[in-house]
Every structure is written in structure tokens, then in C-alpha cells.
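In the two assemblies presented below, subunit A is common to both, partnered first by subunit B and then by subunit C.
The block that comes next holds the complex of A and B.
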């Protein structure tokens, strides 16, 4: 027996930059089964109520990545998001275009910058000319080698991660979660000969702007887990180069900082990351905070059992390979 | 109820007011805090970036300390909560566990995996319970509109943190209602505060912080409240710089979670360390009771 229908209310973002001065929300009401995908509802709205509603879609099976949009502020594929839970949680379904991309019309956004960032990481194998791929057979990888990047090939380039990312919103220098997850895939691919160059190039080009907020990992419909791949890239970059950027200096500085006393020495960390000049530049702000919170200048107490922490470092923290 | 109290670094130093407020609230609600001078820093996400297995190992040591005492762990920082939980999760990978055990066993440290890591927000909403918190309210925060600001690592990745929805949580708003405040729902409540890149690119970090503060204000908040002292640094200690970066005033007080609860349970502003904030909390306090001064 079919599910009973529910009265679903859609507030759909409408905007035609060639005509409208600003966007508006148009309300549509439909009686639908709770398991109805948002995309099916929108297509029904277009067929029955407003033929001008503009959206991008193709496969309706969560494979093509075309129908990503915001459903109640979450970046989602419309074809695999059911209306029932959304109505239950929010009492209505607000449909908006993806964020961080200019709206061309209604729910269709300009994906050009997203693809430009993807292209910037050179998303193809870079081969060593002295070791050409054999022409008569496929190159093989061991299961362990494939295991290292098993999540990334699942990516369908829907840009849900790009839409969810606050670093993309705030800074055009950040390549975005998908581009970095794809970069990781080539960095660890044993057939690629440019691993080190790729890591050296990305360090000053946005790698350390990732906030590790994991919003991309929540948004990703294919469980690529971009934030975790970005973390992996950071560790690999440090292994190759050590601390060359503020971000890698900060991560290394933090690691060394807590080794000394077991707890963080806040002022020392600022000096480790920013240097004496950076510390001086922050002096005004530091003073302002110190007046209210004098502990900021204090060294923390030494924890008991610090020798255990030291031994854990000795066992697991090998110094980065200098100059390699 | 007795828990192993893991204050984290900031609450022991520049965020001392968070520690003060936590102790006050726990005393008021009958939560006994066991203290361990052996706890180390959780690595704050930065050690995880530099060396994942090392980060798991130092947190496994922290977890083992609580396990030896037979206690679950109480955190008061979203990032501590995230890193300690992550250690529990990553230890399920046999390759990680082998390396961590290899470093810890020679020190006589063994961790069986029994410790639950619980943030104060979860303890108050689930273990103490909203009804019990509400029953102790003597100064309901009527009329105070508060924008909860969760802090990423308390929620995400949601399949690893195993608690609230990663994008649509409600525990903090439920708690705010229980103490009489009016929760403000705004998109920024689950967003990033910018803290992780404060020392990478301050301007970007500040723009992100300002965005969330503006969002809370646009939805009518008189104040924000956060369960994370690192968010508090970004939103309160650096709010003046965020305002300068975006070129307009922000002026929004930011409470630590136990300060909001403590206020409702009758603590004085001094007992909660409110005078230590960079953004004055006075205007928000005046909405609760005209006589209150930070």
C-alpha cells in the first residue's frame, strides 16, 4: 500500500538576474508521499504550476551530480533527499541554489569558478617520461595502494562540498574541498610522478586555509570525506617539506609546544608561528587581551607524567625529511 | 554523578572564566569532578594535522587515565571533545591501534576502549536532564535572546562524533529554553568561528567570525553562547579585529555555555568570571535583571 500523502510546502528561490532586482521566494503546496524526492517535487511543480522554474538535473539516481542545491540550508542532491524528514523537522522546505556560486537563474548556478579551481590542481596523472605506461597491458596497483584513495573516485563533482564550505565563501585563494580531495588522490597514486611537486605547490596555494569544520564531509553525498583527505594532504606536505607556511609552522609549533609541558603555552605558540616580528605586530591586541586575561602570558604548569608524553613522541614522531 | 574532568588548556589559562563557571554549575547540579594532573593537551586539531597517529596516542593516554579511575570523561571544549572522541574512533583501525599500542605498552599504559567522552552540553541535557536543570533555575533568563554557537568538532564528522546531527543540532537550544532564554536559530550556529586559521590568515578568519556574529544579530540575538573556548577566543577576544576587518561594529557579548546556565541557577557575574570578557556582557545581563553588572 502506498504511504499516506503529506501536505508539503516549498519556498523556492526565484531569481532572473536579467529582469529581477532581487531574489524572491515563491510558495508552492503539494500533497505528496513522504518518500518523494525533492527533485520529483520540483519537476511536478514545473510541470503543473510554473513552467518557468529553472533547475539543473539529469540522471535522477544520485550518479550525475547535476541537481545539487540547498534544501533547508543543507547542500544536498535533490534527487536523493526525501521530503518527509524535511517537513517533519522544519515544517516547510526551503529550496535555494548552491552557495558560493553566482546564480544564473533560479536554482542554476555558474559552475565555472568551481571547475577552474579543479583544473588548477592538474587533475590527471603526471607520468615520468623515463617510465612510460606499458601500451599492451594495464598498469596494476596492489589492493593496499588502491585502499589509500578508495573514497575519492566516488566523487561525482556535484559541488555540494564547495557550496557548504565557509573557507570558499571567505577567501578566493582556497581551492575548495573537492579540488583538494582530488589532489590527494593523485598525490598518493603510485603511478603519479609529481607527488612532491604537487605538495610543494599546494602548501602556499590554499591548503592551509581549510578550517577542518567538516561541513564538506557532512554535505558530500558520496562519503568522499574531503576534510579528512585535506588533513592527510597536510600531514604529507609536512613530511615532505616541514614547516614552510604559516599553517604548517603552526601545526608543527603546536606539536612541539605541548611536548615541553604537556599543555599549551599560548604566547609561545604565537611566537612559534608568527616569529618575533609577527608577535610584535600582535602586541596591541595581546596587551588588550592580557589586561583581562593575564594568564595568556604565563607558561602553563608542567603536567605530571610528562616523561610518558615524551616517550610517546620519541616512539611516533620522526622528524620531517629535511630538503627531500 | 562523578566524571573525570578534562578542562583542556585554554580553560586553565586565558579562558579561566570557563573553568570557574563549569565548577560552579557542576557544584550546583551535584556533578562531582575528579581531577587528574596527568592529563595532557588534546592536540587541538593541529597535532592531528602534523601527525595523526601521535595525536591518537596522546589522547589514548588521556583516555587510559580516566579508564584506570573507572570514570567517563567530561570535556568543556568542542575541540577537546572532538579530538578525544576521534581517538576512540581511530583506535578501531587495527593498523592505528597497533602503532599506538606499540608506543603505550612499554610505558605500562593499556586502554581497553571503555571510556565515553562527554561534553558538558551532553551531560546537562542527557545525564542531568533538562527537567532537573530547569528545576534548579532561580533566575530565569526571560527575554534574553541567545544564539547558540556549537563549534565544529562537537558535531562533526557526525558519524564519528556519534551524537547530534552535524548540521541541524538542537541540544543547546533545548538547554537555553530550559533556563528561560529564547534560542535564536540562525545558519551560522553550526558554522566555523574561523579560529583554526587565525594564525594562518587572520583576515579570512576574522571575516568568517564576523559573518557568524552578524548572522546571529540579524536574527535578533542579544548574545551568543558557545560550548567551545576556542570559538570564544575568535568571537570574543578577537571580535574587535573582526569588526575592523569587515568595517562595521559588531558589539555582541559572547557567553561560555556554563556561564549562561550558571546565571540562571543564581551565580553572580563575579563567580562566572564575566568581567574577563573582551566584549562587555553588561547589555545582555541588563536584559535578565537590571541589577546585574559584569
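The block that comes next holds the complex of A and C.
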């Protein structure tokens, strides 16, 4: 009755630690319309082929954040990923649990660590008792102030960003993209009284661990763009603390380096970031790199056309245009 | 066994607000929820929350609109209380951190909604439920309470005529757990999944409502089922009333703005029951569009302009693109009504008390009743917060005077026995198949337009499914995240509630609000200005009736 169907093939990750020694992939074949959401297909498999297939799901409209999983190796919401393009691009649809979270069964992962990292940024308004909220009325906030939240209120905590993030697995102190986007939401909230403290506290605790790979932004189904919110936080952090943290010194050093010569001086950058002691501490690492790339120890020359670089910096230093 | 003073079941807005009130009263509080609280269906509410805070508006008008919208079945004392609380509740939520949309002067922005005399719906773009849910979870996160996450409530334990506690199924570990508590607040939301075509989440299966009914609590007005006029054609995903509030219009296949015929004064902003029936009539009489997913009409936003649509209806743009392949900025959205809201529920007082001492209820799981025969858009979010708080506070106060609760060793065994039977069968009924048949039955026989013959047939079929459920089988034997157990549990719960809906609809020989009988097309105040009360018996629901509370508003014919 509906549109023409296609033959879709699903290779679904299955693992029940109570009886399986190791994970396996189970193949399911279904004829479905190309616009069928992956979630609908998985629920059809549950209903018609195997009721033991285990996954989290609820709203099926990309607002509850339950059904994030890997679809052909990308962290996606199953409910808003259509099968047609996946079949076209990959010839099959590989369904796996999210990364960076322990598998409890099939596609269900343990989200407690994700929530714990979320809790670590103190995700609630911190109020100053000496400046109470206006009694009996809402705080006044202009549309421009609401704009400052950017897309962070759209976050549905699906953890797709957390699954895609390489820094999450590297360091348990890193709150992760979602938590940092949430932190940004509180930092720009005019009702919050702890903006400065939040920015100071987050610096040794993970802000600068972000690798700027933007995989979180690519994974986010709600356009929260966590990596850009992390960048916003870094800018605010430098403003607040004047670049005294290692992470911010690294960012500032990077900027000065390039402005000076148009090239990066790794030696100088490490010294700027970690000081002479830090440079000594990283000497072993430096030597190893030096053996492969002896040019890093050389004082970098200035590139040609440095005046063009200077123009870029001048453009960046200019205050933003109204409304941009 | 766990012990608490107040256990709240359900962690949406009503449940969280109830928990916060009980915590504020100094009680040891636990929340039991089958979803992480931030995944609750409250987060799917789009359009907004009503509060008559505008200078031209008044609480009095909000009360009148709600009474009229309810088709005079709402309890007027409860509605007065409800509307008076609206302003403070919205301010409180703003202070908790909700990021509402704003007007240029810095005040809370408001939009027009159906059945309302003034633009009084305060909103956060088109994700107001999510904004409120985030803020409340952030607020309650600073308090001390226990969260039993991904636990299904299986049944309540009642002895000596009052609550003693409950049994729940811990999905992650596959255990049945007892929680002893003198006071329980039921806030498990709706059960829209008794219908096939619904805006409700898959999790909306009325577990708490059914558990309360099975424990002896009275259900009220379950035959009043709201169908939202504008749901996406194939998926049933909600397109907020805010889309019409922002100026969206409905057109049939002849290009006519057909609402002019049905509601000449307010057109698309008539009450939901009126607009839904209009769409069904247009399609039934051949003026709709038709396609592989059935008949439909167009919701047009194109004339509003890209900027307005993208800023105020951001989620709608995404939904249309992802789930219907439509760009609403340049194309009309194909829509048709879908089940959306249950006006009925566990009968409660204004303070959330049910007919069962120690059991309280709030939110969509409850029926106070403020929505009567038809709910107005923007009143449900408000309801969760106003009555969630009342129920939580009342539960805490009840604990102070209630005798100590006790659980017996046999309570757990009694609760677990049916599951043992389900899991030990080598042959039996598939819960998913039963669910699908129930949904098709309700859709076909107990939909927007109803009549005696259909309802009779619908009841026969639902009862046959209930019989078959006695032989339900759980195939999955795993102890970890056995969702097959939840499938069976939910299906059993929903069959109980479906039966109550049909029995109530069959008995009510009039048309009122969302209950439209083609064989009794008029409202019959002489016989039917009363609430339906359903009590469980071994042979099915026993109906009785309770008067509607009146204060100042005489019933009039409802014209929009």
C-alpha cells in the first residue's frame, strides 16, 4: 500500500553477559519503505522476529534521548535515522551500542558514568542569597539574552556526543561534550551567580582536554554543537582568568606563535604552556619526537607573507559586528 | 526490601513536582520510574503552559475558558484553584531555571492557543515540556532522595484498607523488589498506547493507573479521550497547536480554509475536539487529500515566513523534515488527528487524594477533574505542576498521621507469581501481538466518532484479548534488561484500561467534548452532567456516577 519497499539488512550487535561469552552480530532482513526510521525497523524485529532484542526507546520523535546507538559506526538517534540512505551508502545497516559506555545487554549501555560526569558540572542554577530573584514575578530577560544560550536548551541528553568523543575515554575527569554544553548554558544564564567560579573550577577539571575534533557536533541530533560551546567556554575562561591556566596558556601561546612567525614553535609552545619545569618534564617525549623530526628543535623562520597573517589577526581582534 | 515515607511512581513533571513537595515537607522520598527522569514523556510537550499574566487577560477568563473547554464536565472548584495557581507556578519554574521565550520588554512571551480568549500560553520555543523538565530535574537534583531508575511498577500492596507499599520490577537486574511506604503518589502519565495512532511515547502505557485500578482505586471519566487535530500522517508525531497559534492554517484538498464552517469566530483556534472532528468530517466527505497512509488535510505555515517558523517552531521544522520528508517553510504539512491525551484517570480530590487511603495521584494519570470532557492546550503542563505539588504535599501530610505500613513475605510472592507463569510457558500468547490487536480495535471501534454497535463490538474484542492475555508468554528468559517482561506487563495494564474506556463510552449515551456519539449527537445535561466512576470487579469495571462540582458557570451551548 505504501511507497515501494527496499530489502534492508540489519547486522545487530547482540550480547547478553548472563549467557554469552562474547558479543556476536545477528542478521535480520526486512522489506521496508526507504523512509522507515531505524527504530521502527528494530521494533518490528522485536515484534515479529525476536522479542529478546534489547534496546532503550520511548518517544520515537527525537525528544526523549533514549534511542541513541551506532548506526553504521555513527552515533545517531535510531528514531530519526532513515534506513534508505544507510542502505544506499553501506549496503547494510550495522547496529551497535554507543561507545564509551559499558554494554549491559545488546544495545543498552550503562549510563551512570555519563550522568555522573553531567552532575560534576553542578547542573543547576546557583543563586546568590544576597541577590534574590524578584518575588512574585519572572526575572526579566531580553530575547537577546535568551539568544546567548544558543542551541543548548535543545539538548536531550541522548549521549550521542559522549559516545563520539575521543577525550571521554582518555580521561575520566573530562566531563564530556554534553556536560560542557550544559555548563555553558549555566555560564551564560543571567540568573546564575557562579559564572566566574564555574569557569575557574572547570579549567583544571577538563575544559582544556577537548581535542577540538568536532565529532560531538557531528553526532549531535539537536544542533547543540557541543564543540562550539566548549570553544565559547574557553574564550570566556580566558577572559575570566587572563590565561593563567595551562590550557589557556597553551591556547594563547599558540595564537602568539602563529602571529609572530606564521608557524608553530613546539618548543616555545610547551614552555609557554607548562613553563621551564614543564618543558623539562616533557623532555623525554621531546627527544623521541626530535629523533623523528629534528626540525622541531630549530628556531622556526618567519614565513613569507606574514603581513597576510597579521591581517587575519586584525580581523579577528576587531569587535564583532552588531547582531553577529 | 526498601522503605520510604513517600514513594512517587513516575518521574515526569507531576512526579518530580510531587517528590519535591514531599522533600520540602521533610520526608524520606523515593522516585520509581521506568525511564530516566529526563526521558519522561513530559519532555515531549511542545506548545506551552497557560497562565493569565497578560494585562488584558484575567484568571477569571482562564477559568471560564477551561470550564467551557471541558464542555461543563470539569469541576469548577478545582478549575478555580487550578487557574489561580497558574501565575505563581510559572514564576516558580522560571526561578528554578526554565529558559522561556521572551518578549522584547523582557517579560515572558505568550502565544495564542485553541479555546483561549487571550494569548496566555507561555512557551519555550516549541519544546516547553523539555524546558520545564530540564529545569525541574536541575532543581530537584540539589535535594536528597532515592531514584529507582528503570523500574516498572507491577502492583500496589493494600491491606487494612490502605497503602502499605508496592512491588516493582528492576529491569537492569531482573529482580522484583518490594518498597514499603505508607504513601504512594501515582504520576505515571498517560496510556495513549492503547491506541495505534497516538502522539504518545511508546512508554505511555498507564502502568500506574492500571496498578491503582487493580488495587481498588476508582478511575474517573476514562471514555474522554482527546485526539489532537494535527499529527503527522504516517507516524502520528505531534505538530503543536502552537503552529496554529502562530498563525498556521488548515486547508482541505479544494484549497478551502474549512474551519470557517465549523468555528466561524476562531477558525483553527477552536477547541481540539472541534478541530479534530472537522478534519475527520472533511476527509470522510471526500474533501481531504488521500495517499498511501490514508486521508489527510494540509497544515500550512508557509505564509508565516522562514524567520518566524525557524525561531518559534524549530522542533516542528525538524520533525517535518525528518519524519515526513516535508519542509514546512515551503510546503504544507500533511496532518490527521491522533490520540493525544487522556482526560480521565485515577479520580482525585484537589489535593490529589484518591479513593484509596495512602494513594495519591497527579498529572495525566489522575483526573481531578479540570479538563472534563475536553482539555485545552496549555493546561496539561500547568496541571502537572499545580497538582503534582498538591499531591506530594498531601502525601507528606498523610504520612504524619498514618499508622505504620507493613509488608508481608507473601506480598512479593503474590506479585511475582504471574511472571513465573508467563516465563514458564512453552506456548502462549505473544504480548506484542495482543498489543497490536488492542490498538487496532480501539482505533477502529472507539475512535473520534463512536456509536453503540461499534462500541459493543469493540468491547467484545477487548474482552477476548483480555482472555487471551491469561495465557501470555514471555519468551526472553534473561535476567538482564528483560524487556519482554515489560512488554507483557504493559500490555496487561493497557487491556484493563482499554476495557474501562469502552465500557464508559458505551454507557454514556450523549455527545460531550471529546466523546462524540453519532447515535446521540447532543449533549444531555439532564442525564449526563456527571462523572463516570469505574471500580474493578472480577467481571470487569462496575460503573457508578458522581456529580460535577459547580460554582458560578451555568452550562451553555459551546460555540467557537
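Note that in this section the second predicted complex is superposed on the first by the 281 of 324 C-alpha atoms of A that agree within 3 Å, B and C clash if a C-alpha of one lies under 4 Å from a C-alpha of the other, contacts with A are read in each partner's own complex, and residues count from 1 in each chain.
Following the convention adopted for this analysis, a contact is a pair of C-beta atoms (placed from the backbone, for glycine too) under 8 Å apart; a residue touches a chain by one contact, two chains touch by 3 or more.
Keep in mind the model is a prediction, meaning the values are calculated, not measured.
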Touched partner set for A:66, first subunit B, second subunit C, both or neither: second
First (subunit B), second (subunit C), both or neither touched by A:227: first
First (subunit B), second (subunit C), both or neither touched by A:17: second
Partner chain in contact with A:119 - subunit B first, subunit C second, else both or neither: second
Touched partner set for A:138, first subunit B, second subunit C, both or neither: second
Which of subunit B and subunit C A:153 touches, first, second, both or neither: second
Complex interface listing, subunit C residues touching subunit A: 35-36, 38-41, 43-44, 88, 90-91, 94-97, 99-108, 124-125, 127, 130-131, 134, 138-139, 141-142, 172, 201-203, 235, 237-238, 292-293, 314-315, 318-319, 322-323, 325, 430, 432-433, 436, 475-476, 478-484, 487
Partner subunit C, residues of subunit A touching it in the complex: 1-3, 16-19, 35, 37, 43, 46-47, 51-52, 54-55, 57-66, 80, 82, 104-106, 108, 111, 115, 119, 123-125, 133, 136-143, 145-146, 149, 153-154, 156-157, 185, 189, 191
Contact set on subunit B toward subunit A in their complex: 9-10, 12-16, 37-41, 43-54, 57-58, 61, 99-100, 102-104, 106-107, 109, 152-153, 156-158, 166-168, 187, 190-192, 194, 196-197, 199-201, 204, 207-208, 211, 237-238, 240-241, 275-278
Residue numbers on subunit A that touch subunit B, as the complex places them: 72-74, 89, 166-167, 169-171, 208-215, 217-218, 225, 227-228, 231-232, 234-235, 238, 245-248, 250-252, 254-255, 258, 262-264, 266, 269-270, 273-274, 285, 288-289, 292-293, 295-296, 298, 300, 303-306, 308-309, 311-313, 315-317
